[in-house]
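What follows is a set of structures for review.
You will see two complexes here that share subunit A, one where it goes with subunit B and one where it goes with subunit C.
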Partner chain A sequence: MKMTKIVRTTADVFYPFCLVFGLYVVIHGHLTPGGGFQGGAVMATGAALLIVAHAYEDITGRIRKTAMKILEAIGLLTFLFAGLSGILFHRPFMANWMAQTGKLFGNTVAHGPNPGDLNTAGLLPLLNVGVGIEVLGGLTVILLYMLSGIKEEKKP
Partner chain B sequence: MMDTFVMRHLPALLIATPLFAAFLMPLVGNAGRTVRSAWVFLGALLTSAIGLALAWKVLATGTVLYVFGAATTQQALPPDAAFPIRIMFQVDALSALMAVIVSLSSLGITIYSLAAESKQSGLETFYAMLFLLIAGVLGMVVTGDLFNFFVFLEISSLAGAALVAYRVDDGVAVEAGLKYALLSTVGALAVLTAIGILFAQYNALNLASLAARLQFTALDKVALVLLAVPLAMKCGAVPMHFWTPDTYTTAPSSVTAFLVVSSQASLYALFRILFTLYGHLVQFSWATFGWFLIVLGVLSMFIGVTMAIPQKDVKRLMAYHAVSQTGYMLLGVGVGLAVLGNAEALKTYGKTAMAGGLFHIINHAMYKGLLFLTAGAIFLRTGTRNLNRLGGLGHTMPWTMVFFMIGALAIAGVPPFNGFASKLLIYESVFRFSPFLSIIAMVVSILTLASFVKVFHSMFLGPPRAEFAEAREVPAPMFIGMALLALFVVVAGLMPQPFIDHLISPAVDALVDRSGYIAAILGGR
Partner chain C sequence: MMKIALFSAILLVLFGGLMYIAADLPFGSPPVSDMDDYFIRNGQEQTGANNIVTSIVFDFRGFDTLGEATVLFTAVLGVGMMFRKMKEGEEYEND
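Moving on, here comes the complex of A and B:
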């Protein structure tokens, strides 16, 4: 079921903004409300917008189930390897070896009120990114399966 | 050897390995059947090896502690605080016993499923779910954190429900899966409420830390009920057994065999909560809660077996027998709990009863798994589970018949199989506690034997039937899976003493030794 051209064009314009906002929520997970799951859900909303505006058949070329399943796996593996990376540095599983090293995400958090530094928290942003990718893939697959059942409206 | 890199991180790898196998499955699934099967086999083999290595380490060196995200794996308490704040795995001898059970049966079941499920579609999802289920059950038995336990309980419940509903070709499987998912969710919500009640009062989620602080207020009693009832339901004790027949019948046989193990993880949690969390409080009446387990056990034993006798569906019949056998474990450990305050009685027969109950857990996982696998083999070759339609299969499937005989004799407690070893321990010790209970246990065993003689007769004996002329012996992976479990049944039956000395007795001591469990975390504090 295809919507009018106005709706379709608006959805196409909105889609990248949805993704960008979702990425913002993911990457700022350790500073602002939200995080991996919420950001991933926002990104999946973009996919939902496209599916609703266009017909399901037209959209499967742009958003593929297999690609989304692979994204889901990649997200989960990112999370797992972020946990396992602690072991490689002779710390326990999930140890935050990246925090306060001065390198990537390694700044020390300033005391007192401050605007927030994105480059802090060590392993946590990586975990958020992993969860974000996983939720984007997983939720989109769910949406594709659920919306594939929408029936074509009968022409009068 | 003891302090190599892998040995140090065994508890984390125990969960990470099946999760890795599950997460990579969607990618591996695209690479073709052979690669996927090899990956599944490798994942199961590694998981089992890690589980057994962890159990060996625990039995050799004592409780293994693993603190996630800390400076070292052994730092249970943060440098500036007197209470544990991190998630930790605390693997004592009882957890090690459960890890052995999960390792052995998951290996046999996964190998079996490689051939049994090969004709189905959506297999990468199936194996991803199977590995998630294994990870969830392993997590349940090794975690030392109550909220972490809830998370693993949910993982195993959801993966289990998805696997039960895996064969969607008839609506029955979906109904059973939905039932399992609904009941598990309601049960898990009750567990979560109880955890919330305990956390609100004591600001702790760590089991050892909670056990040290528990005051047994009125709220704690509510929490105990909210923990004990869902866990008793998840292990299929009468009168909360109603989900077992539907779920066990419709799930693929390899999954059913592992759901038995999953239900025993809930049994482990029930024992852990009654003994470790609520065990030694002054106000705690051991006899009351011991009799709670005993009554559940006797009801399960008797109602399970009497419901099993009239069944026509072989897997439904076995499901009711699973309920019945769970009763033995509850009875054995219940007697131990009832005499926990009486040092003399505990020493003379209480520990023996508990050893019987715990030994029965591992024996049951093996022979009941084996029986479900043989039922799956017969379903694969004949396409029916109806006992009235089956017959004469002994001519065409002799090895399946042998495996079924081993499993059936073990479940009925006939020597020299492992069911006899654990049941004898239970009979002898429970007789000292109450002769009446012991007699009930024996009667139930006789009824079990009668029931399985009927099943054996109607499936394997008689002239070969024309409609099953196509039936032949199972493929090699299914044979190997069943042979693994059958091997344990025979070995543990012929030589039970090494198992009892090195695996079961340490587990019993760990279950009774509440202060040791607490001291492993809190040290002298």
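Moving on, here comes the complex of A and C:
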């Protein structure tokens, strides 16, 4: 099920932009609308563009099912261990111990409208990145599994 | 023709009833807004995130988001089990 050369070239040009935009939505999750789930879905759209434009047999070398499964597991483990990390500092599970401390992701935030600083919000960027990686891996694996069943009929 | 007219009439009556009920709902002014006010007043200082939605989803209700991520993981697991490769000569058992 290969599409025409125009579609394939367009997909090849556009999928890096999809990935970069998804990464932007994930990383700025604590400042702008969006977050891990939404950004991960945008990144998975880039992968879906490639999978639909090329044949499934040609895409398995570029998007590997095993790599996406590993990404998904890494994302969920990142979320879990970021939540558990508060226990080391005598705080409860999921406590935001990095916020407002002045260190990594710990700049103080004034109340009310402000331009926004990427280096704030403590644990939230880590959790956002974890969820983003997980959604990217999970949705891509689902797409790959479902499209692996479609086979081109041989012409008589 | 008769069926389509009847169906349209039922649909119209249901839609009118829905609109009549929805007109009485207090949009934009919840009767109990203590928790919303707390999030809006203290969310930025306690979590350091400008985006209040993210501060609620990932901080105040982080445990719920962990469950959501687990649901996605389980869904992928189920799809992987359903679309697995069959072994040579393996058949489904039909009871």
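What we mean here is this: the second predicted complex is superposed on the first by the 151 of 156 C-alpha atoms of A that agree within 3 Å, B and C clash if a C-alpha of one lies under 4 Å from a C-alpha of the other, contacts with A are read in each partner's own complex, and residues count from 1 in each chain.
Following the convention adopted for this analysis, contacts are C-beta pairs under 8 Å (C-beta built on N, C-alpha and C of every residue); 3 or more make two chains touch, one makes a residue touch a chain.
Note that this is a predicted model, so its numbers are computed, not measured.
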item: Touched partner set for A:Ile70, first subunit B, second subunit C, both or neither; value: first
item: Which of subunit B and subunit C A:Gly22 touches, first, second, both or neither; value: neither
item: Contacts of A:Gly132 with subunit B and subunit C, given as first, second, both or neither; value: neither
item: First (subunit B), second (subunit C), both or neither touched by A:His30; value: second
item: Contacts of A:Leu80 with subunit B and subunit C, given as first, second, both or neither; value: both
item: First, second, both or neither for A:Asn96, with subunit B first and subunit C second; value: both
item: Winner by number of subunit A residues touched, once subunit B and subunit C are compared; value: C
item: Partner chain(s) touched by A:Leu124 [first = subunit B, second = subunit C, both, neither]; value: second
item: Touching both subunit B and subunit C, residues of subunit A; value: 72, 76, 80, 83, 93-94, 96
item: In the complex, subunit A residues that touch subunit B; value: 66, 69-70, 72-73, 76-77, 80, 83-84, 86-87, 91-96
item: Residues of subunit B defined as touching subunit A within the complex; value: 5, 9, 12, 16, 19-20, 23-27, 30, 66-73
item: Sites on subunit C touched by subunit A in the complex; value: 44-51, 53-55, 57-59, 62-63, 65-66, 68-70, 72-73, 75-76, 79-80, 83
item: Contact footprint of subunit C on subunit A as seen in their complex; value: 29-33, 35-37, 72, 75-76, 79-80, 83, 93-94, 96, 99-100, 105-109, 111-112, 114, 116, 120-124, 127-128, 130-131, 134-135, 138, 141-142, 145-146, 148-149
